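Residue numbering begins at 1 within each chain, and the chains themselves are lettered A, B, C and D in the order written.
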Amino acid sequence: MALQHNDLGDTVHHPFHDEDGDSLREECGVFGVIGARDAAAVTALGLHALQHRGQEAAGIVSFDGQEFHVRRGNGHVAENFSTGEAMAELPGSMAVGHVRYSTTGGSGLRNVQPLYAELASGGFAIAHNGNISNAMHLRSDLVQRGAIFQGTADTEVIIHLVATSRYPTLLDRFVDALRMLEGAYSLICTTKEGMIACRDPLGIRPLVMGHIPEADGKKGAVVFASETVALDIVGATFDREVEAGELIEVDQDGKVTSHRPFVEASSRPCIFEHVYFSRPDSISAGQSVYSVRKAIGQQLAIESPADVDLVIPVPDSGVPAAIGYAQESGVPFELGIIRSHYVGRTFIQPSDGARSSSVSRKHNANRALVEGKRIVLIDDSIVRGTTSLKIVQMMRNAGATEVHMRIASPPTMHSCFYGVDTPERNKLLAARMDMDAMREFIQADSLAFVSIDGLYRAVGENERKSKCPQYCDACFTGDYPTRLTDLAERTDPSQLSLLPKTEKVA
Amino acid sequence: MALQHNDLGDTVHHPFHDEDGDSLREECGVFGVIGARDAAAVTALGLHALQHRGQEAAGIVSFDGQEFHVRRGNGHVAENFSTGEAMAELPGSMAVGHVRYSTTGGSGLRNVQPLYAELASGGFAIAHNGNISNAMHLRSDLVQRGAIFQGTADTEVIIHLVATSRYPTLLDRFVDALRMLEGAYSLICTTKEGMIACRDPLGIRPLVMGHIPEADGKKGAVVFASETVALDIVGATFDREVEAGELIEVDQDGKVTSHRPFVEASSRPCIFEHVYFSRPDSISAGQSVYSVRKAIGQQLAIESPADVDLVIPVPDSGVPAAIGYAQESGVPFELGIIRSHYVGRTFIQPSDGARSSSVSRKHNANRALVEGKRIVLIDDSIVRGTTSLKIVQMMRNAGATEVHMRIASPPTMHSCFYGVDTPERNKLLAARMDMDAMREFIQADSLAFVSIDGLYRAVGENERKSKCPQYCDACFTGDYPTRLTDLAERTDPSQLSLLPKTEKVA
Amino acid sequence: MALQHNDLGDTVHHPFHDEDGDSLREECGVFGVIGARDAAAVTALGLHALQHRGQEAAGIVSFDGQEFHVRRGNGHVAENFSTGEAMAELPGSMAVGHVRYSTTGGSGLRNVQPLYAELASGGFAIAHNGNISNAMHLRSDLVQRGAIFQGTADTEVIIHLVATSRYPTLLDRFVDALRMLEGAYSLICTTKEGMIACRDPLGIRPLVMGHIPEADGKKGAVVFASETVALDIVGATFDREVEAGELIEVDQDGKVTSHRPFVEASSRPCIFEHVYFSRPDSISAGQSVYSVRKAIGQQLAIESPADVDLVIPVPDSGVPAAIGYAQESGVPFELGIIRSHYVGRTFIQPSDGARSSSVSRKHNANRALVEGKRIVLIDDSIVRGTTSLKIVQMMRNAGATEVHMRIASPPTMHSCFYGVDTPERNKLLAARMDMDAMREFIQADSLAFVSIDGLYRAVGENERKSKCPQYCDACFTGDYPTRLTDLAERTDPSQLSLLPKTEKVA
Amino acid sequence: MALQHNDLGDTVHHPFHDEDGDSLREECGVFGVIGARDAAAVTALGLHALQHRGQEAAGIVSFDGQEFHVRRGNGHVAENFSTGEAMAELPGSMAVGHVRYSTTGGSGLRNVQPLYAELASGGFAIAHNGNISNAMHLRSDLVQRGAIFQGTADTEVIIHLVATSRYPTLLDRFVDALRMLEGAYSLICTTKEGMIACRDPLGIRPLVMGHIPEADGKKGAVVFASETVALDIVGATFDREVEAGELIEVDQDGKVTSHRPFVEASSRPCIFEHVYFSRPDSISAGQSVYSVRKAIGQQLAIESPADVDLVIPVPDSGVPAAIGYAQESGVPFELGIIRSHYVGRTFIQPSDGARSSSVSRKHNANRALVEGKRIVLIDDSIVRGTTSLKIVQMMRNAGATEVHMRIASPPTMHSCFYGVDTPERNKLLAARMDMDAMREFIQADSLAFVSIDGLYRAVGENERKSKCPQYCDACFTGDYPTRLTDLAERTDPSQLSLLPKTEKVA
């Protein structure tokens, strides 16, 4: 989604670094609908269900048969798209929307998607989930040829490639552009002819398709979304995934055409969608995310049992795995950590004893439950390890006599370059330490991660096929399924800072 | 907290009616600290932990030894009190804060607490949790005598009573004022001499006391708060509850004095704090709220078993009772309903099939889990019944073959006049229907509530002592522990509308 | 309008000190209308015409026969009262409005007028132009008796006096309150019975009365306003001034009753209204302000001729006097100083030669005209003298060979305590220096003020009757027509700081 | 400055139509400085002095030796660029700024100048005053070749032409771009090498050059601005005009180089700058604007005398001509119309007699002066005639017995396509009616315009040389000095609507 700026020599500085530094974040969710009355209102609901995939900004582009209409804003979907006034600005029966994290600094609104441009062929809107790993290389080329970029998002490269392609039809120009890309992309585009949805040849990021049934039983509006929960909220039926390397065209009459513009390849969807990103009530790569997470917890209980009194999830993402762990082990599942729903900004800290960490503002120990007990904590992953440490300490302060930690994913040892916000590698605990040092760092009595094969078993495979892995698991294995041109070129970012550092709008 | 306007003849129109109409809401949380560096920053954290008790507005008044400083705002604590600028406006080592729901319409800021006034004796700030049930009567008297009210909050009555009392000392004037009140009040006040915390003679609303230990082991700043979770977040130790009818004075040197200005009475704390209002990690009336809720679930499982495949909580407040029910019954606990964290405004609804209810924006069925299963849902209470109906339907749409409902409280049949937002009586499902009609209304296969004695057992009593009940349970029993003067007088509210209907500030 | 805080020992610290310190400012304008459809829209227009009397905040209270409606805001009338939404909040056929300067610091909105209170007798709104010179004394009394004040404005004292008066009717209570006041007040009040307009016994501040003729020739809505320009803009006919010491009641049927509640006294209207405050197109005390200003210029030309090439006004208030001076002297009137219309905030100054003073942002020399010429500048008054100095320098820098200064008022040597913003006395140039020192200070070749008798001649009198002056001219003569109790008591303001220093609303 | 959209068949719909429809407006002012500490603060002051040339939006781009910094906002310069925070965002010793009118609708900020782009050669900022009359033609070409436009401003065409030029140096590419343009442009550009200022071959729009002298007498920072008043405010000395067809380069060391990239042509500066746009204290085309306006008034008095009692200017732009008319005729100059400084939004109109027009909110008759008098009104121009009509009526209502109108410009009969906001031709009163019909329309007793030769005499010429006019006077004569390609092509605007109609940012 944004260009990688490598200004640290050997180590890779990831574009989406997390200020707190201790969680992984999906950058984007996309949603599109064609053939619905009030398409923008449908899209707003769909984006709301995808809010967990990006909370910093949101945008919708609608088309009313004549004109495109654009509205974008910082903040949650509900803040920007819940009013009648907002919807009145977005008339039409086709709309595409996007939720995202903003990059740090600068005037994010230039980069808020969907991006829109008037090409010679007419209006073109694009919403992107993923990351183009040769975007800087392509961009540098385009600028040399006179292209003027509006923002820093890698997605804009796609528009310029389409605009400057010499092929006659828009679809040809679009495919011409896609063939130059490497990396991960699930795209929803709109032109005045209709909607195009496509997934990169490996299908790294998710994209599903459904339709809103009409009262008379006819197959109504067609819907595309990052996750099935966005179909649920708008009352749409889940039809199927957009397949890896597939490009689906839907015209204004609802006619659906599937294209296969790429050389066939085995798909490699992101396995981390199961572990963390997707909502538990979504169906991802044909699996119930909730069931997969419970199964991971069961695998963990089999692989790494613990002699304890209570199984305690780190809320909220650790809950399904903890239920699985408890059911498999027979140890009671209890809420030993209570999560506040009112998290947001960092507070000014009092200067004396009353200080409170970001962890303690989000989580509080259920002291009456935990006191005097041996517990096992279940969490989804460890990134930098600082949160795990604070939570272990919180449990000990509340009187837990033993604190064991079980993690529902293998050790996260590598950065993601396909649209997931991971810290640079040397900040990842598992890249810096072996298992015992990690355990010591987080001050747990024991520490275990689910094995890579255990994870594959939880998603229904017998094992990881190392020759041809069924999923993208590069964050665990370092096995990146595409070339990483920008990274390889280690381009000096100062030559490529394409926009001024400061742009504020009063 | 606000005056009751009775404009419906026989039925009582509750001041805090809920727009959605199907939940009960605590109106307020209070917090105070004296003797802390950066008292306002401590208070902001404390209020943040009490955010579940009131999300519409917040305020803090600090005192720096010379001057009082006031800052109030609509919205969450974090939105108003997280910045350095905000804290810089609130210097001093003593502060009192408040979170609240706003009344509908009007310029809420006049009513946002703590209220502050300059009396002849100096500055006086007051934060109130509860409801004065003779406030309109007292107010009418005061206005006749020339008092000019700024807002509509019942709390302002207390200030005017203090201001016009003829006793010589402020403490005497304050007690003189309290003796005229009926109803529920947990108050934290500040004057330039120090802090006063007190609870009404029955101790209906909670109030706890603690202190922030200093590095050298000395007993540091004294803290008062509605719940113990607010002590936890600021690193304070829980000392004890402020007792029913107790008034505690803390002077600027930290000296603590307890007074007993009222005729002794048995305490009657609100039992609904256990069922719903308090956070599960709080200690309320000496009990762990989480444990009580689990115990209610266990009582429910004993009293009303269900032959089902899964125990499913209605998130989030039904979770502890569901864990108790599952443990007692041996039926697996599973997350069959997934809750979105991004709830807020109501969206404009698309005009066709893609409509989405407020329930479906907040909750989504975990279809893969529920399909083909017999389930029991555990919820904390039923108010109007509309939410229960939608959730039962959602489960059936997701393929559940049987849907049983168990409620972790007795039927809510009466309005609360002590600071809890309940709809008027004729809107309460349990006041309108018998058990079978209720079951039919919510379309469940079976429906059961915990018994009143089961509830008392869950809080550690053998039974409810009907002659002298240990708790205020008026919402279940109609047994109101105080006079309800304003209600009895059925005063015509048009004579008493003390402020213009519209006040907007541009 | 606001309390005087005296914290400088001997010198009087005026409540409305001007940050720039070099102009006098009227604090307020008032407007009321009864019997008009859309009374608030009429009032908004009227206030807009009075905007020069107060630019910091504005407010309107309307009454629709049942309810009072209040809207107040910081900024200009057009910013707060030009939209349909704003007007929809203010229904009814009676309205009263106010424009004002805010006091420095603090949450001005508490003090923005009209003030409104619900008294035992019903709603009461009041708009005030003037200053009560015993407000602190009265307020201190009221607080001792238990009154709780909302703001710091002296106007609030009047409401409390009305609320606590023991007389049976509202009119009696209102007169009872007025009799306790000393100082200057032109008031417009509304109750549900109708409108009351009154002027203090000396009629220090202006107040005029008119009516909006109806299509059928009937005498329609009755209007009160600070100046006749507010009648002009709403299409009202000017009937007469409200007389000194007169109280006019207009009931909801349009019946007008005049009362004379005070001992008869000779009126002493503020003569400075002619010199500076009123708009030149207003009729003040029976005189055209424009004609009076021209006449002052003519007097000046007679008393203090100058052998020059050009007569140049200091824009904009010096223009009419300059026209008079030019016509009398036969020297051409020319625009030697061009005023920017886009004045407002202070800019950050560049650190090098490019600095620009507040004077040069507001005024620029017309160099091509002035170069090589002898000029006389005509200004309305000299307060601190700093602006005069900068303007003289600007003319010299532009090449003027001689710069003479003539002032269209006598030397301003005393502070005003009747609602005009003057600096404390020791800041007034004319209180600090004799004529020659002043001339030297402003670096003019010559300096002259109109004589006090010249000023009286310009307003149509033969001379000032020193035994019984026809006008309040205390700022020139120190002859204050009322007692100044608060000033005499030199009350320690720290005991009376009736509200916290800081109140911010997020 | 913006593209012309022709959607009215034969008549030309001007891009900058005025909502009120009855004034002409300059669209832009530009300012640049190189070599000054705090260049942005200098630029903010300069723009403030040019505020009369564009009040809707403002922007500044600065360069600190390494990076460009951009800040733009809607509203006045003072609202956006007066704070220290704003200036801190704009570090560096070179800056360029712009004030403008926004086009109706749409998200103006995309179009607010200076525009900025990162070209292959580095950062490039451009501020433009004028209008490119073949912009749509060029834009259409560029889009066909794959260029993606951000906004609708014609200025953006220039950037794309520079970006896609094949010449080796930036200066060559810039000249290559300019040679494709037709129309009016005064440009200030910045690159990391320095500043470029240039004027179109006819010098239609103004541009002056000056420098800020340093303390040690060295020639300091170089300044460019639309008018000399912007030099005055920053303490700069006026050096000379940038000549028609001249391109001036200033490098970071202050070296100034003049280029002549175009075929030599006689200059044709806009004569309307004298009549209306420029501030009277500016020097335009070597003439004092104030003196020229007075001279026009004198010509008018000679050509069209009136037997009246008073000469009354229509404020403010009619004042200098009225002074000239009065001096020539010997009739006294008087302020018969008082202008309010607090104009802005349109107010909601009361539904009854109290209505007030936009004219009466801005102007009020000085009735005491005018009553019973014969008057001549002096105004700068007549556009649609509606304002003139209202002002004549206002004078009659105030009692004037005869109202004559004299206009300080020839009849405005043609639209401007060089950066001045004129209504489409069929809205211009002088294009629709002959002299007598116009007089009747505005209800004056007589009406006269200055003759075209009279106007040329006022600017110091003997007459208009019709073969080779000394000025652009197309609005009076229809003699357009350049081709008008876009107009000639009458391109269907729907094909070229390059951006969505609606773009709102929350």
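Criterion: a contact is a pair of C-beta atoms (placed from the backbone, for glycine too) under 8 Å apart; a residue touches a chain by one contact, two chains touch by 3 or more.
The model shown is predicted, which means the values in this text are computed figures rather than measured ones.
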item	value
Partner chains that subunit A and subunit B have in common	none
Centre-of-Cα separation between subunit C and subunit B, whole angstrom	50
Inter-centroid spacing, subunit C versus subunit A (mean Cα positions, whole Å)	62
Sequence positions of subunit D contacting 2 or more other chains	79, 86
Touch-based graph of the chains, sorted into line, ring, star, complete or other	ring
Pairs of chains in contact (touch as defined earlier), listed by label	A-B, A-D, B-C, C-D
Interface residues, subunit D side, partner subunit A - complex	61, 67-75, 79-80, 86, 89-90, 109, 116-120, 123, 143-150, 159-160, 163-165, 497-506
Interface residues, subunit D side, partner subunit C - complex	33, 36-39, 41-42, 44-45, 48-49, 51-52, 55, 76-79, 81-84, 86-87, 212-215, 220-221, 229, 232-236, 279-281, 283, 288, 290-291, 316, 319-320, 323, 327, 332-335, 338, 340-356, 360-361, 364-369
